[in-house]
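In what follows, a structure is listed as structure tokens, so that the remarks can point back to it.
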Amino acid sequence: MYEVKSLNEECGVFGIWGHTQAAQVTYFGLHSLQHRGQEGAGIVSNDAGALKGHRDKGLLSEVFKNQTDLDKLTGHAAIGHVRYATAGTADIRNIQPFLYKFHDSELALCHNGNLTNAISLRRQLEEQGAIFNASSDTEILMHLIRRSHHPEFIGKVKEALNTVKGGFAYLLMTEDKLIAALDPNGFRPLSLGKMTNGAWVIASETCAFEVIGAEWIRDIKPGEIIIIDENGLKEDVYTTDTQLAICSMEYVYFARPDSTIAGVNVHTARKNLGKKLAQEFQHEADIVVGVPNSSLSAAMGFAEESGLPNEMGLVKNQYTQRTFIQPTQELREQGVRMKLSAVSGVVKGKRVVMVDDSIVRGTTSRRIVQLLKEAGAAEVHVAIGSPELKYPCFYGIDIQTRRELISANHTVEEVCEIIGADSLTYLSLDGMIEAIGLETDAPNGGLCVAYFDGQYPTPLYDYEAEYLRSLDEKTSFYIEKVK
Amino acid sequence: MYEVKSLNEECGVFGIWGHTQAAQVTYFGLHSLQHRGQEGAGIVSNDAGALKGHRDKGLLSEVFKNQTDLDKLTGHAAIGHVRYATAGTADIRNIQPFLYKFHDSELALCHNGNLTNAISLRRQLEEQGAIFNASSDTEILMHLIRRSHHPEFIGKVKEALNTVKGGFAYLLMTEDKLIAALDPNGFRPLSLGKMTNGAWVIASETCAFEVIGAEWIRDIKPGEIIIIDENGLKEDVYTTDTQLAICSMEYVYFARPDSTIAGVNVHTARKNLGKKLAQEFQHEADIVVGVPNSSLSAAMGFAEESGLPNEMGLVKNQYTQRTFIQPTQELREQGVRMKLSAVSGVVKGKRVVMVDDSIVRGTTSRRIVQLLKEAGAAEVHVAIGSPELKYPCFYGIDIQTRRELISANHTVEEVCEIIGADSLTYLSLDGMIEAIGLETDAPNGGLCVAYFDGQYPTPLYDYEAEYLRSLDEKTSFYIEKVK
Amino acid sequence: MYEVKSLNEECGVFGIWGHTQAAQVTYFGLHSLQHRGQEGAGIVSNDAGALKGHRDKGLLSEVFKNQTDLDKLTGHAAIGHVRYATAGTADIRNIQPFLYKFHDSELALCHNGNLTNAISLRRQLEEQGAIFNASSDTEILMHLIRRSHHPEFIGKVKEALNTVKGGFAYLLMTEDKLIAALDPNGFRPLSLGKMTNGAWVIASETCAFEVIGAEWIRDIKPGEIIIIDENGLKEDVYTTDTQLAICSMEYVYFARPDSTIAGVNVHTARKNLGKKLAQEFQHEADIVVGVPNSSLSAAMGFAEESGLPNEMGLVKNQYTQRTFIQPTQELREQGVRMKLSAVSGVVKGKRVVMVDDSIVRGTTSRRIVQLLKEAGAAEVHVAIGSPELKYPCFYGIDIQTRRELISANHTVEEVCEIIGADSLTYLSLDGMIEAIGLETDAPNGGLCVAYFDGQYPTPLYDYEAEYLRSLDEKTSFYIEKVK
Amino acid sequence: MYEVKSLNEECGVFGIWGHTQAAQVTYFGLHSLQHRGQEGAGIVSNDAGALKGHRDKGLLSEVFKNQTDLDKLTGHAAIGHVRYATAGTADIRNIQPFLYKFHDSELALCHNGNLTNAISLRRQLEEQGAIFNASSDTEILMHLIRRSHHPEFIGKVKEALNTVKGGFAYLLMTEDKLIAALDPNGFRPLSLGKMTNGAWVIASETCAFEVIGAEWIRDIKPGEIIIIDENGLKEDVYTTDTQLAICSMEYVYFARPDSTIAGVNVHTARKNLGKKLAQEFQHEADIVVGVPNSSLSAAMGFAEESGLPNEMGLVKNQYTQRTFIQPTQELREQGVRMKLSAVSGVVKGKRVVMVDDSIVRGTTSRRIVQLLKEAGAAEVHVAIGSPELKYPCFYGIDIQTRRELISANHTVEEVCEIIGADSLTYLSLDGMIEAIGLETDAPNGGLCVAYFDGQYPTPLYDYEAEYLRSLDEKTSFYIEKVK
């Protein structure tokens, strides 16, 4: 299914228009998007033009611990957000949706993605007297809208959308409208659905539709702006200079297996990645073991294609999520570990294919290989359902430096030795594109594969200089102690 | 893996002797046993004869939210407990281990199981002036020990163990000893392990040993009493009138897949149950879908044996554990659901074998069949990895009335219709015994299968009359609305 | 009014019979008794014979943070308790009322006071097989009742009351009765009242009656046992060997000024103590300053009698109660203090009579004298509204060793020097007895004055040996640094 | 002392420069100002130019429940704030100090007072593109500063200070300066002090200096701006168009009795108000009873002047602060009350002078009169230590409508009847001015007495129209049921 590791989404969004229990439905929609952000959540509802919000740190269930906090959010429309935050910015002020009460209007805004020209835009706006409340880049759009001289509101919004660059999926709630907009490359997924009562819903992933019983209508297109109000849904574009480049890691790791993105079910994509990987794999083995939970689909595919039995050789403790107490260094050295156990009754004496989705820093892989060997595995062949991860992401995933990426600094052979495996196989880039198999003529099969080949579909703006500098660095990768 | 449903364990125990961080190790051991009880937890440590305890309601991580609460539990030995509690008895007084401070000694006690003569023993003791603090049956043993006239402490304990009847795995900590004892049928699992530093550990399941890096030594035998002190481990028995009858549901549903009970790994047992089930299954189908998380192993086995592809057609939301807000009736009718989603991209148009471990009340199965059908499954064939569940348990599992069991009241055909499946297949009793495959000459392959055939391995004492009465009831089963 | 210092009450009790909102009324009654114990609270209600309880650590308002916890305590009768606890025994198991569910009956019990033969009774009972749950001495009475062979319940209770020794005010709730009993000396106050609807109420102090709008009927007498049931109130005695000896410190310090004990209002008693003190005082001064809050009444009396103006020269911060952060040693040396401020605008250049109720260890007095001098007071004459505190209490006040009492170890002149005062005047023992002025022929005007003269009204049982030993110790008193 | 009633301060501020434990000292300073605001608190520290903040809802002790939250606020300087908030604006975004992180600088700001042109300034700024985060008027100053075209920072600040109108005491922390500024009338108190280590401190009241061991240097003057940096303290003014008009209610009710404002100690002022009131009082009586806690000083003065004994006839429960459970209507009718008790042992049969500081809505007075009568008082003569409260405040006190003020709608005779007193005496306006007795030539003795005579020292700007309208309303005052 999905788990938190060193590669993190920066958010999930959900919006609804036309339901008497809009905030409740938003709660359940966000609940299914919780894997996209666990550090903050919020909902703003619209009750006949009056916007009401509640947001706080923590999981959605912590933010809405009391039913009354949700019940207060009355109204027929709502937008909501789950947030991933890096350590330094956990301030409650960054938790979305942002709710603005102007003397002449009320607005709420939330956002999934990352702007590549945020730093320069912010500086420019501050020099013109703007005061930013939060440190995230989301409120930039609101400043641009408020300062636009376009005579009409939608015109202001379009102007603002053409000013920001990067990956973004915005939801904007006004007193009488729900607006959704997607960046010109469609880096982040965003889908449109409809409930049986006719309410329109918009969500980062279609798994939200399954949960609320909504029907998927279509995906929001790059450059598109959707406006929903009492007259229904209106489709529009703010730019025609678009080219599809969906984040490939959504298929490989981020999205829930029950979501469908651009017409391809994520579990099926993963199973196909596993099948393709099995075709490219060239070693002898006895059993297939998927790393839970994200690689179980790929392991199924690998087993099916290779004819090897799929076994539960690794078990994850489902209660780790809430554990505050960690083993001391001394206990860790004595072998005390909490999150993952290797099942010796399953792997003892076996040549294991350990299927995983990706390798970021290598520390986790090294730890799992070690677990399997301590549990008696005769050989451990690591098979990764994606190519080598060599370049950072600037469109909404929390890896912005090459220093964290083991494959940016080491060959496959070196990585294999570092993680202690008997062999290491990465899926080829072409194999990945083929396995996911989007129906499109766009380059790279409509995927953003910059992680793997460094070819970014857009200019990098504020990140350009830093990125170029990083290409010259060839630091030997530092392996931290296994946690 | 494991989940909470209407069938519940009543506890997990862990003990250690000979480690400078005994309470810490106990914490990590208990953490891996959390699936055996989520409603209370506690640890008592032994610091040179001084016993110190901490216990509270909630998950282990909530009970020990502050590191200081754990750090206070200094000493070289400890026992701990995770508790499942029925609603009415959630009082903190019932949370174990119980810690007794007498003028002449200190003692701590915890317990997994259920006594069948608790009511009459308690009444008898109260009539002799005894005052019980908690409503659980655990403290009966302490009263019996304190009132025994045997001149030696171990003699008192043995006398008490011969007085209580039913299923029990006790851990007892005195100022200078750690004592473990198992009932004469070994209904509940209890294993002995050793850490690399020489510390002895005892746990309800061997998964605790994997987590703390301990080596499994052997299982505790029925009727056995183990005494560990500064001179080492001493093996003894309090009765020789024993006969192995391990709870079969530990293999089918309760235990963690990475545990090994009586020499058989639980995942492997489940996979074999799935294979055997595939042999007995007599319908055409396209794909196999296991109900997460408990039936994934059985689904793997079913797929492997049948040659059908194993697919992730059902996805469980991993964040449901902590959610306080539930859909209203109105939203539920509109299709809003939180725990489980069927993946239409996977099941649409397919004839699905839905593999599950057991059917208790039928409501959950009915709900899942419906989910699959709504997601487009052409047919849903339910295959259950155990026989029909017809009789209650009196040895430590929280089902003590036939009224809750759909199969006590309905034929397979009726159940199939109630849950809305296209077919319903239960594994045969012989098939189950053979699939688990313990190496023993004991009846029923060393398993307690009373759930399925009503043949209880011991007299039922205080429950006898009630049980006989229940056999006459033939109430038509009430199907609650699907939650 | 009242504050927590090193001299502490050990509890307050409240009971009611005959009110549809019995637990609610008990809540408000206990709320007015909160000064008698801040570390735990509980209520047990009686709903047609079914007893229900809720108790926890902390202030009453913390224990009943949720209205639902109170609402669950339905029924026509209730008893409640607020508890003071020494550090070591803050375990929730010690929080009262204790609720017992026997197979043949339900009982609840709570207690204000201290038994002098608790240790030997407990040992004796344990040797007969009794198991104590809590470390407090309260449950001894329940063991004695359950082991009594008297054929009738009230007979059992009387037998038990004649076995325990010391100071005690018990409330006992059975399925059909509310029972109150007071020790043979009436050390602890206990009063009977009646609400306008006819409900009987019993409380440690009459301030509870003011709060709930009840009328004071009379005080419970030494040796008395009151039984209230559906037939009304029945008066009885369990012993006639009684002699009134009310704790004098209830008047001096513990009780609320609005309470009336044995016919004397506490504020009036304190004012009279202040007047008498003014008569005995032999120094020149300009203003009177009472130490807030407990000595404001005495200061009023002193000012009135002496003709000196009464000024607010010391101000207490009312928010200190809940402050978790304390000044570091370094900040304390720089003069940062939180609880009490001297008002330089009032005391500068003045000869101040600082009126306080008592001196226990001397550290607080020394600190206040210093505050006044730093604020510019020309002279500080300390006047204490009670005699020198030289002997510990064994009847329910938390001072059980002479080592903590500065006057057990030092002369008045030495104490005066230690606290840095210009003079130190204690009220004479006769002056105190006269000022309080109970209408009785009992020795010492019906007061227990053992604090001051060491003449205990009863044998000391388990404390005897320790007490005699302490008389020989003449350790020089250790002055801790002012906090 | 001080209590919360329907008349509320809007804040307290504290700042320090030059102390290694600046945030700790700020904590203790704010703690003594807690009576000025209980609904939110925050501190921002300055560590070598890096500003760090922590703020939350609740009492200071709740906001800083964990020592670590305070320890994180390292640095040599800090500002802090305690906030009073009306129900609707309890959003955490309004809690101060506000911390701004611009690309070119960091700033923190907090504020006590109320701007009279906030609404029009905000509208004007928003029309220029400004986005406000909070609903309070504090951040207006920051927008004005950031938009100022003055070339120097202090120039920008002065420009902004000349734009805002009303009552204000600002503290502003930049990377290298601490700035304090007071409005041109000095409506709100603000004082300068110095610690023994040389650190400068600024606080809303001098009681903060007593607590932290600082020496009072002088009060900040109307129109003044103080700049403290590493070169020391610099005095400056932003306007010379000033006229002293200190809020008279600070003396009467708000400030702590140990504070000194404009050279006059608050307790002494209150005692003098009581003395003057005794001179103007024209009835026969037996005893004086002050309403705790705010009127105890006035009662002392009244008793001293009149020769009547000062008695504790009313007792306040010190634990009410934290009580979440309130008596039901039914219980209230039966006489259950929690906050205040009348002491029948003191007042029975007596003609009581009940001294209180002011009457706002009359409901509290009516309740207390009733309490005294029920407790047996023969007569209750209410004596108020200030004139009739007829007009709202626009400079920082939470009464902005005449409808809430009983004296705006009723004559003294009517109020006397409504509250059920035997007589009602208000102190005359001249009497009040004389009793407080500031040394100044300013009108009304340097006091703002607009509450009493409706003569506001400044234009009312945004409030003008509303105020004029309110003068015409002559609604009969609605007396709510006594709570």
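Order of writing sets the labels: A, B, C and D. Residues in every chain begin at 1.
In this section, a residue touches a chain if its C-beta (ideal position, glycine included) is under 8 Å from a C-beta of that chain, and two chains touch if they have at least 3 such contacts.
The shown structure was predicted, so the numbers you read here are calculated from the model rather than taken from an experiment.
With steps allowed only between chains in touch, the distance from subunit B over to subunit D comes to 2.
Relative to subunit B, the most remote chain by averaged C-alpha coordinates is D. If each chain is reduced to the centroid of its CA atoms, subunit C and subunit D end up 37 Å from each other. Between the Cα centres of subunit A and subunit D there is a gap of 50 Å. The list of touching chain pairs reads A-B, A-D, B-C, C-D. Subunit A meets subunit D in the complex at residues 92-93, 100-104, 119, 122-123, 126, 128-133, 135, 139, 142-143, 146-147. Considering their complex, residues 1-2, 21, 24-25, 27-28, 31-32, 34-35, 59-62, 64-67, 70, 195-197, 207, 210-214, 256-258, 260, 265, 267-268, 271, 293, 296-297, 300, 303-304, 309-312, 315-319, 321-325, 327-328, 330-331, 334-338, 341-346, 375 of subunit A touch subunit B.
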